[in-house]
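Note that the chains take the letters A, B, C and D in the order they are written out, and that residue 1 is the start of every chain.
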Amino acid sequence: MSGNTFGKLFTVTTFGESHGAALGCIIDGCPPGLELSEADMQADLDRRKPGTSRHTTQRREADEVRILSGVFEGKTTGTPIGLIIENTDQRSKDYSKISEQFRPAHADYTYAHKYGIRDYRGGGRSSARETAMRVAAGAVARKFLQERLGIRIRGYLSELGPVRAEKLDWDQVHQNPFFCPDVDKVPEMEAYMDALRKEGDSIGARINVVAEGVPPGLGEPIFDRLDADLAHALMSINAVKGVEIGAGFGCIAQKGTEHRDEMTPEGFLSNHAGGVLGGISSGQPILASIALKPTSSLRLPGRSIDVHGNPVEVITTGRHDPCVGIRATPIAEAMMAIVLMDHYLRHRGQNADVAVETPVIGQL
Amino acid sequence: MSGNTFGKLFTVTTFGESHGAALGCIIDGCPPGLELSEADMQADLDRRKPGTSRHTTQRREADEVRILSGVFEGKTTGTPIGLIIENTDQRSKDYSKISEQFRPAHADYTYAHKYGIRDYRGGGRSSARETAMRVAAGAVARKFLQERLGIRIRGYLSELGPVRAEKLDWDQVHQNPFFCPDVDKVPEMEAYMDALRKEGDSIGARINVVAEGVPPGLGEPIFDRLDADLAHALMSINAVKGVEIGAGFGCIAQKGTEHRDEMTPEGFLSNHAGGVLGGISSGQPILASIALKPTSSLRLPGRSIDVHGNPVEVITTGRHDPCVGIRATPIAEAMMAIVLMDHYLRHRGQNADVAVETPVIGQL
Amino acid sequence: MSGNTFGKLFTVTTFGESHGAALGCIIDGCPPGLELSEADMQADLDRRKPGTSRHTTQRREADEVRILSGVFEGKTTGTPIGLIIENTDQRSKDYSKISEQFRPAHADYTYAHKYGIRDYRGGGRSSARETAMRVAAGAVARKFLQERLGIRIRGYLSELGPVRAEKLDWDQVHQNPFFCPDVDKVPEMEAYMDALRKEGDSIGARINVVAEGVPPGLGEPIFDRLDADLAHALMSINAVKGVEIGAGFGCIAQKGTEHRDEMTPEGFLSNHAGGVLGGISSGQPILASIALKPTSSLRLPGRSIDVHGNPVEVITTGRHDPCVGIRATPIAEAMMAIVLMDHYLRHRGQNADVAVETPVIGQL
Amino acid sequence: MSGNTFGKLFTVTTFGESHGAALGCIIDGCPPGLELSEADMQADLDRRKPGTSRHTTQRREADEVRILSGVFEGKTTGTPIGLIIENTDQRSKDYSKISEQFRPAHADYTYAHKYGIRDYRGGGRSSARETAMRVAAGAVARKFLQERLGIRIRGYLSELGPVRAEKLDWDQVHQNPFFCPDVDKVPEMEAYMDALRKEGDSIGARINVVAEGVPPGLGEPIFDRLDADLAHALMSINAVKGVEIGAGFGCIAQKGTEHRDEMTPEGFLSNHAGGVLGGISSGQPILASIALKPTSSLRLPGRSIDVHGNPVEVITTGRHDPCVGIRATPIAEAMMAIVLMDHYLRHRGQNADVAVETPVIGQL
């Protein structure tokens, strides 16, 4: 496969280029009987949508999703759910320059080497616009997990360049354009972003995602560990360069007595493992954290080469996010939802009739 | 699938429990005509083998691999390569305690919830012993990549708890029991490990893996990005809690002008991307880094519960690595080799006849 | 997976219900650089289209396919090709009866048991309307195979109920509404169909498909034998109940000396194997033959039950093909094209660098 | 993938060459808690074993299977089940002739074209010896299906060349060396086979397989229809050239009123569909029938070419089955068991929580 499908039982296959006719996706394997309408996806799509504050790109993308199949009389039927978002804001513009140059830190050069041909309009397939379909598909998974299992998946921006959130107040996350859970840091983030925009530069970010209410037993022991599949899913998001589960890189300096999450009949005493032991969920919250690189589309000139190998100076005009991390929270949540959904179906495929006598201990 | 297979075209499927009859693996999709013998795998297996210094477990595992199929007159035939390692050092011992308790930070509790049954002898399927087969399979991939494409995959330990390597001298890596590339830090590591062993505690580590000579064009654009598959592969190694590609978490605080790897006709001017742009290899070295948690098997007592939910105090006797990171370098190399091999075959499956006119610029 | 995807490297995933908003499909893994436009698919779609003679259903389905992605400046880019056909001829009608009854020999009863819910409008997902997307996807495969490898895939109707073609004249196949290669039998077929239509009954048929110019070496030795994948693909077409390769069921009464296709330096002396030996193409024409059952939608009343288990008498009104076999030829060709394309890519993924010294002997 | 794996959730991956060190297989995805020992597989293996009558090859293959993993204290654990059969009867012989020639109707010529190299000893990977592992794996599926769902899978030989069974008496099937259910035809079959053996020729056969007790709802609607997966599985057995479900090729001449299986509250009135409607099981018995070609290894000389393309006359000495169909019944049963098991797990993965209100009507 060419890697446009994610999941084994709950599978999401996307298509579409940034400036093509439409983006689309097929969700296969969704259990029947789930109430579903476009509105269930639109809320998450709107959180990802550009142009909601001055800190994101001012492109206008309606991002209105339409269900083409798999839903009948308001419920999923178990057959594939076809989704489409028509592209409406492709400004007709002059692509002659971009077609001849490789922008540094973009996929231009690597696509050219892979395929010998590339759709250079707006980054083509490599544009983060593709993630709109992931958010739509993730909304289906999220709804199922919430309604049937009581699983809650939430994310937030914990670092924006040098500014770090120090408090986790979930109520604040949707009160500011950064998805920042620490209200005290929002002014600092705003000031930082305003200065950055003037400068013409961009910055990286860190997003944390948490799933609560995940039952113990999800995941597979070897290659498809729950954390390995999460790493796969999260690293597949544009601009992500690092993934941590639980203590993550912090565990390099931890001793075993500190790291091991001791257990009592009342629950685990800590959660350095991030809710995954031996690749399988423990019933504790699943904790993942990702690093996103700074946007590569800058109006500050950078050295590069053209398609013939000659040196050029590249300036990216147009409307771009100075921090792609800001809009990435719903995408990370979506990918976590898809992974959990897939593993839930995989688990019950193999183990639906297992009688588990082990008591579930409380979460931290 | 139950997640015991890795890869799409070059697939590795493993079986076996720590104290069962044997470990085994099937490598499917290996190109025919590759010269292959047990010796090609044994060298890597020996690097992973326990008991090679006082800093690793003193268990004796011969880890002698035997090729059962897929090789004829010294060459691969294109049919599945069956491998087996007989288990020889299962000390017959009293498992009554371990069968009734869940060791903290182990997979005991989660396996019990997933399957309702578990092979508790030596950790069963969750033991890192399974990685021996990954190393054997990785050796096949590595040989192909080296001989046919000139790709070289190497790893080293860059951090052992608080001790950090500051120099990268490849010649040193195999001169000390830690796979440490900085000879000046070896005494410090030895002292640290000796103290730790006395204490009865364990410690985390960081491993870096580098692939040089990877041609541009390997990887897939969306979910199966080369870096996403690497994250999957590396996070699937026992004890790994974090994965970085290139600048990794460092890119949170990087500005776009700093992070973007500018290009000139002579080559890239930096490699913050870690050799992957848009999920596809750029021709630069692939750089990955992983965090391994400290061993959870400690003789220092820890709180836990038994299978009935009663509180217990757990002490793990037996022979365990105080730092699993030390032996993990060959495993990380193996997983990177398998990922690259798989993507090489996938790439030529789709793109074998592509005429690429884009010039390859030199590596950093 | 829920079985809406076919292929491993060249994958086709379809969605859509008979009377839903649209049918769609994603082709993933198509090599880049193939010239492609809607016209390339429309010709095959038109051959499958209903209403082209009085012997097929008089429904009007425009079946106009639209490419939404994966093609840029007239060429495939290697990224997923999204296709859509809007449904335009869903007569708004009264579904109250069909929603309460299980039509005999239809999927109504089985879908109800599988999903507990079903889109009963026009058969929903179980309608043969889904095959339009297979024909569109098959056209892409066929074009690649034809242009790059010189492979030619053609089919014909060899039996229509009791009427059997006795001559194979390829030039005749598209000169009559039955895809019959024996011009002398066409009047008999017309008379048979006219009588059948008056009667209100339906009839089965046999379709043969032939691929010429297939190079030796395509296929896999064990489970994914070329003939096994063909059987899978062809049996997955609505109404197909039997698949033969080469001599098929005829080989039950053949002796070994008769069946074995002897070889000479000039070529094989017969083709009872149907072009596949040990699951791998031999270079001879690939010969497949399928049996299609008679349409189950009849205006002659049949006994059945309603959704509550009560006996009912079912009469299917509406516009239905009295012989689904008549329109099935392009579908069978499409499935064969998809299988060959997939195996071509799989073959070169594993074996692209194999130096084959075995001489290719001529075809029969 | 290279096609050595069958199944999506219950997966069977085999390795091994006819005259190699061993045959092996990994069963992945087996539910935990199933009682399992070697004896459960040995019974089926013994039915397939050569040398049980004068009508099969006189090779001695002990075919003793050994479980290497995935079973603990007599029960499956949910982890991969590793199986091995050591090869013990590889007579050391002179392979110089066979290494230089392509035997007609064998895979010699096609393997040479695919891989450029082949293990010619005893047919290597293309030998039907590989099916021993399928039988072992099938026994695990069969046991689960029998114990948990009451499904019974049985097969018989219905035609041996020109001799056709006319009665189906299940009690007779294991009373004669042909698996023939019609005791009156056994003498005729014996006489036919004796004559054939003297002649030095071989003959084809037909095998029927029946699964009773399959619940309605198994299968997937589009490409992975239950019948399509069965066709795949059965056509993947060595020597099979045709597959029918239910009425099979007989439905070409059936009218719709005859073919459609009418339903009453008491049950279906016929089973022309063979237990599958729209790709999904109906609760009726699953009926499949396969054609097996005559053995190609004959001592009667046949024309062929050598590896350099020169004409040769091939005579196959050694011990071969004059009718491979005779030993194929357990293999066909095994493949049907694997397909049903896989679809059962797939079904409950997606639909485990579906509340089905549709009444189950009795079987025919």
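Convention: contacts are C-beta pairs under 8 Å (C-beta built on N, C-alpha and C of every residue); 3 or more make two chains touch, one makes a residue touch a chain.
What you see is a predicted model; the values in this text were computed from it and never measured.
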item	value
Most widely separated chain from subunit A, with each centre as the mean of CA atoms	D
A-C or C-D - the one linked by more C-beta pairs in contact	C-D
Centroid distance [mean C-alpha coordinates] between subunit C and subunit B, Å	45
Euclidean distance of C-alpha centroids - subunit C vs subunit D, Å	26
Centre distance in Å when subunit A and subunit C are each reduced to the mean of their C-alpha atoms	38
For subunit A, residues contacting two or more additional chains	1-2, 4-5, 8-9, 14, 29, 32-33, 78-79, 114-116, 125, 221, 346, 350-351, 354-355
Complex contact set, residues of subunit D against subunit B	1-2, 4-5, 8-9, 11, 13-17, 20-24, 26, 28-29, 32-33, 66-70, 72, 75, 77-82, 84, 114-119, 121, 124-125
Contacting residues of subunit C [partner subunit D, same complex]	1-6, 8, 14, 102, 104-107, 109-116, 125-126, 130, 159, 161-162, 196, 201-206, 215-225, 227-236, 241-265, 269, 272-274, 276-283, 291-296, 298, 300, 302-305, 307-311, 346-347, 350-351, 354-361
Residue ranges of subunit A touching subunit D (in the complex, touch as defined)	8-9, 29-33, 78-79, 148, 221, 345-346, 348-355
